[in-house]
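One structure is given here, and the rest of the page talks about it.
Chain IDs A, B, C, D, E and F follow the sequence of writing; residue 1 opens each chain.
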Amino acid sequence: METHRAKRIEIMIETPALRRVRRALEQAGVRGYSILPVQGGYGRTGSWSGEGEVSIASNMDLVWCIVAEARAEAVVDAVFSVVDRQIGIVTISDCEVVRRDRF
Amino acid sequence: MSETLALAGQNLLSPIVLAFALGLVAALARSDLTIPEAMAKGLSIYLLFAIGLKGGVEVAATGLNASIGLGLLAGVVLSTTLPLLAYLLLRLLSRLDPVNAAAVAGHYGSISIVTFVAATSLLQSVGVSFEGWLVAVAAVMEAPAILTALWLAGRANNNGNGGMPWREISLNGSIVLLIGAFLIGWAVGPAGMAEVEGFFTIPFKGILCLFLLDMGLVAGRGLRNGARHLRPGLIGFGILMPLVGGLIGAVTGWLIGLSTGGVAILATLSASASYIAVPAAMRVALPQANPAIYLTLALGVTFPFNLAFGITLYLLMARWLTGG
Amino acid sequence: MSETLALAGQNLLSPIVLAFALGLVAALARSDLTIPEAMAKGLSIYLLFAIGLKGGVEVAATGLNASIGLGLLAGVVLSTTLPLLAYLLLRLLSRLDPVNAAAVAGHYGSISIVTFVAATSLLQSVGVSFEGWLVAVAAVMEAPAILTALWLAGRANNNGNGGMPWREISLNGSIVLLIGAFLIGWAVGPAGMAEVEGFFTIPFKGILCLFLLDMGLVAGRGLRNGARHLRPGLIGFGILMPLVGGLIGAVTGWLIGLSTGGVAILATLSASASYIAVPAAMRVALPQANPAIYLTLALGVTFPFNLAFGITLYLLMARWLTGG
Amino acid sequence: MSETLALAGQNLLSPIVLAFALGLVAALARSDLTIPEAMAKGLSIYLLFAIGLKGGVEVAATGLNASIGLGLLAGVVLSTTLPLLAYLLLRLLSRLDPVNAAAVAGHYGSISIVTFVAATSLLQSVGVSFEGWLVAVAAVMEAPAILTALWLAGRANNNGNGGMPWREISLNGSIVLLIGAFLIGWAVGPAGMAEVEGFFTIPFKGILCLFLLDMGLVAGRGLRNGARHLRPGLIGFGILMPLVGGLIGAVTGWLIGLSTGGVAILATLSASASYIAVPAAMRVALPQANPAIYLTLALGVTFPFNLAFGITLYLLMARWLTGG
Amino acid sequence: METHRAKRIEIMIETPALRRVRRALEQAGVRGYSILPVQGGYGRTGSWSGEGEVSIASNMDLVWCIVAEARAEAVVDAVFSVVDRQIGIVTISDCEVVRRDRF
Amino acid sequence: METHRAKRIEIMIETPALRRVRRALEQAGVRGYSILPVQGGYGRTGSWSGEGEVSIASNMDLVWCIVAEARAEAVVDAVFSVVDRQIGIVTISDCEVVRRDRF
């Protein structure tokens, strides 16, 4: 199977700021992204857990986005302008994808 | 006096307060008891819908009391101004920096709907009625405090706020649900309510028990995680502020002519601190503020205080003011 | 005439229709109000179980009406043939390509169980009874339409369908639950029902309210996302098809000798469009079809139309046909 | 004899047993019917809270029976020693290796709370009462068996156990909830219960139905996945052990002077096998043991057996022993 | 700690087609895989969210599968034969794992 | 945007053992980690699914942890001492992150 190089951008972001990250990604022209739930974690502000929570205030989400290598930098810049003020984490890594036309 | 103690005892031994205590103890003891997130959200949706509906049905039944306009206005004013008082008290009592103080202050101008429900449950068990439209007042009190908090934070800190979280505020789900259910109740009236009371009335108090069990678990977990932030000055604030806010709310209610029950409810709303709408807005608008501080204070200190003692006191204040 | 209007008004002002409207408005206004997925699925499981059970208990109580065999047969025939009509209408009214038209058509041969429930709720509030075994007819109508849709798509497009989704169709959870609960109701009869009616009857209508709130939210979100696909021809189809389907269903019901309520129910089933079983099967069997089109049409156009106006009309049709 | 058959039939045709059967059949037939995890956990929390509460309220109403101390002691002894018997039987009947045998044995010393609930539901429908504090006995029986199992496994296998899972055992959520609700019920008594029975009593049996539907689905899925581990010897154990355990429990209950209902309940507790607390503890403390074996046996063999036949037999044993 | 090179295959797939992907993976002889829930996303067909959904029709899932390098290509081929007709995304990336015997 | 090399450690672990993994990570001095729910899977012991489950006994979770390259080995060692006896999987892969100060 022929594969193509692409970038996987993963953004761990506070749920209340998710709407802004989504808008930034869409404006940066990504072809798609997916959101994975996160159920708890630990960081400088201590531990949190989504269990029993009515408020989304301490929740995080993971945005999982496959982009063509050429676009990756522009997308990261766009996202970072939102994430900068939040506690979110932006990671980029290499991957191979099977269909190039999708990214 | 003995009547006061009886009232306090009755409240403390109610299933809902004990359910909260169970959750609190379980979480502090690090039990692995947890309520699934979807269930907690579901219980909250149920409660909001049920109390909105009941308020609306009440209004349909009794007609609009003349003071509803005044009541809504009072709600907005209280929500807008209580954070100023809270900010002042915080700066006096604790060494919290301005941005965190502003964030905390915003929570105390807004309201906690489950404290409202606990108060209505107490009123009901002692046979005191209240104006149904106070549900709408609760809804209008949720958001204005956020703006005051952001203004306070902006004064302290010129750069880098996240901009006004207008969307986050104006279409907050819990406000929409409360107002929407209120309007539905108003439209369908007692006849419509009769069709659905098998779900929205009969099991209400039991469902509230499970919700308070969950609140106890969340509060206990918050306390364990945030305890190191709770210096004595902050704890003092978390207990003093609801008393002062409650008194201001009670006097306001009395001035605008509410019934005894209504005064107790407005006092409770003023005394309570938000744990849903405000923290989420703060996370976007004031990301520099530490959530462990405002969540622990609102949920770990003020909520339990109000549940265990506050609502009894606000009812006593209301009786004393109105002679009811 | 004025009776007709009264009926329509009574339906429009019922708590369940208003709850749907609240959800729809909240979603269109981009409120962040959402119902957790697990809660929505839980409500749906409750409703399926409760109506299956009631249907079975009814059959246990009244015995099998002679027309049950005819009724099941009619259900299969309607589900199999209505998609052909829908396909024709779609191709006439809109420019939808054959594959998407086939996918949409499949939804209209199948049924929406919550529309069924809303109709039974209307019947109940006007005191009209219906044959309990129509629940089983609802179940058998879920799937055959899928096969017709795939046959239509295959005619249009020789290559590349996903193969028959037999497993997806035959053991679809909602069909299993409906039939299973029906059989349980039949086995335990009224005495067994008495044991569990504190859960399956008393809170039923209130739970339906919350479910319709959720449906409104999902429909509103779907409309916002899919609005650009809704050209006028498609919207026209989304309203015309239930009317035509409802009429066919009503006449069929009258021909096989159903009661007034039964005719109204069979009309409702024929008029309603699936939003659970069929879309999932289409996603596997016709991946080329665009889900935004069929979901928006079924959930955003036809469902609200049926809820607000359709079921009232089908009841009127039934009265007119049966003279009931 | 015919009375016995009538009792068995009444149990087999109860909505809760049929709901379990529906789930089992649906899962074995590979239907995609599933209950969301959050809903299953929510139902379980509801059941634990409701039965804890009822037990406590009963104690508040009738006072503490003198035998409660004896009952708790008996519970601890049964839970500690039944695994020894189970281990012996297992080694005789099957070729299970020592570590897996120890893990399985631990499950049979502990209890299944839903089997307990099913038994109380049968008792209620035949009008037999039982000691409310047996809920507390159920709670104390959950954990000791784990220690015996680990001791057995340690004997067999000197290296590499995961250390005592003290935290996992002592603050297990289901034990905390059961005991906590029991204490709340005791504190609030019948008056407090009256406030919340619209939720904890009226819909109880219906909610139990949905929970058993879920148990059936999970058991069926487990059987499909674990069937290859179920050699005849193991299946034999899964049916013999509850009978022997039930008899021992019944005799113990009779010796400590329980009522007929109480004897049936203690027999049921002894006969039932844990599917919540013990498997989770085993996963940490005995990771070498295969979960497919112990889960399939407890949930796929013993639970259905107890539900369909066991609890009827334990009631008969109790009647025979107490002459009740 | 000694580590071994392996491949992480991640498949974003429509929930209704998940059963087919699972079968393909099992037939291709993978030693294991795990399924992560996805709660929403955005793509050419617009946005979707699992919230409030009764139907799984618009849901996606993420299949997370660690395989030995040598098997990776065969696994990707097997999966792709299912995914081809769906909208799913197949990505492959490098990772190190601690225990080789598991993959 | 300037990025920095880091390691992504992903640990698939049985839920009953999650508490121990968390403690190990915290004692190893990670700055943060997040926990993603897993809803089902397949392995040597057969298939499992979280659906309908009251018990967490057969559940797994995915711990997602970004660490500085220099710390990665120590963290993996610490985690592995817990995971060793469990069936968990520990994977390590490269990524780029935007803010170095967070890891």
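A few notes on this one:
Methods note: contacts are C-beta pairs under 8 Å (C-beta built on N, C-alpha and C of every residue); 3 or more make two chains touch, one makes a residue touch a chain.
Remember, it's a predicted structure, so these values are computed and weren't measured experimentally.
Of all chains in the assembly, none touches subunit D and also subunit F. Chain geometry summary: the mean Cα position of subunit A and that of subunit C are 38 Å apart.
Inter-chain spacing, taken between the CA centroids of subunit C and subunit D, is 40 Å. A separation of 45 Å divides the Cα centre of subunit A from that of subunit D.
With touch defined as above, residues shared between interfaces to two or more other chains in subunit D number as follows: 34-39, 41-42, 167-168, 202-203. The set of subunit F residues touching two or more other chains comprises 36-37, 39, 93-94. The chain pairs satisfying the stated touch condition come to A-B, A-E, A-F, B-C, B-D, C-D, C-E, D-F, E-F.
The touching residues of subunit F, counted against subunit E in their complex, run 10, 12, 36-44, 60, 62, 73, 76-77, 80, 83, 89-94.
Residue ranges on subunit F touching subunit A, taken from their complex, read 1, 3, 6, 8, 22, 25-26, 30-37, 61, 64, 66, 93-99, 102. Residues 34-37, 40-41, 43-44, 160, 162, 167-168, 214, 217-218, 221, 225-226, 275-277, 279-284, 287, 290-292, 295 of subunit D are the ones that touch subunit F when the two sit in their complex. Within the complex, the subunit E residues that touch subunit C are 14-17, 19-20, 39, 45-58, 85-87. Against subunit C, the residues of subunit B that register as touching in their complex are 36-39, 41-42, 45-46, 49, 53, 167-168, 171-174, 176-177, 180-181, 183-184, 187-188, 192-193, 195-200, 202-203.
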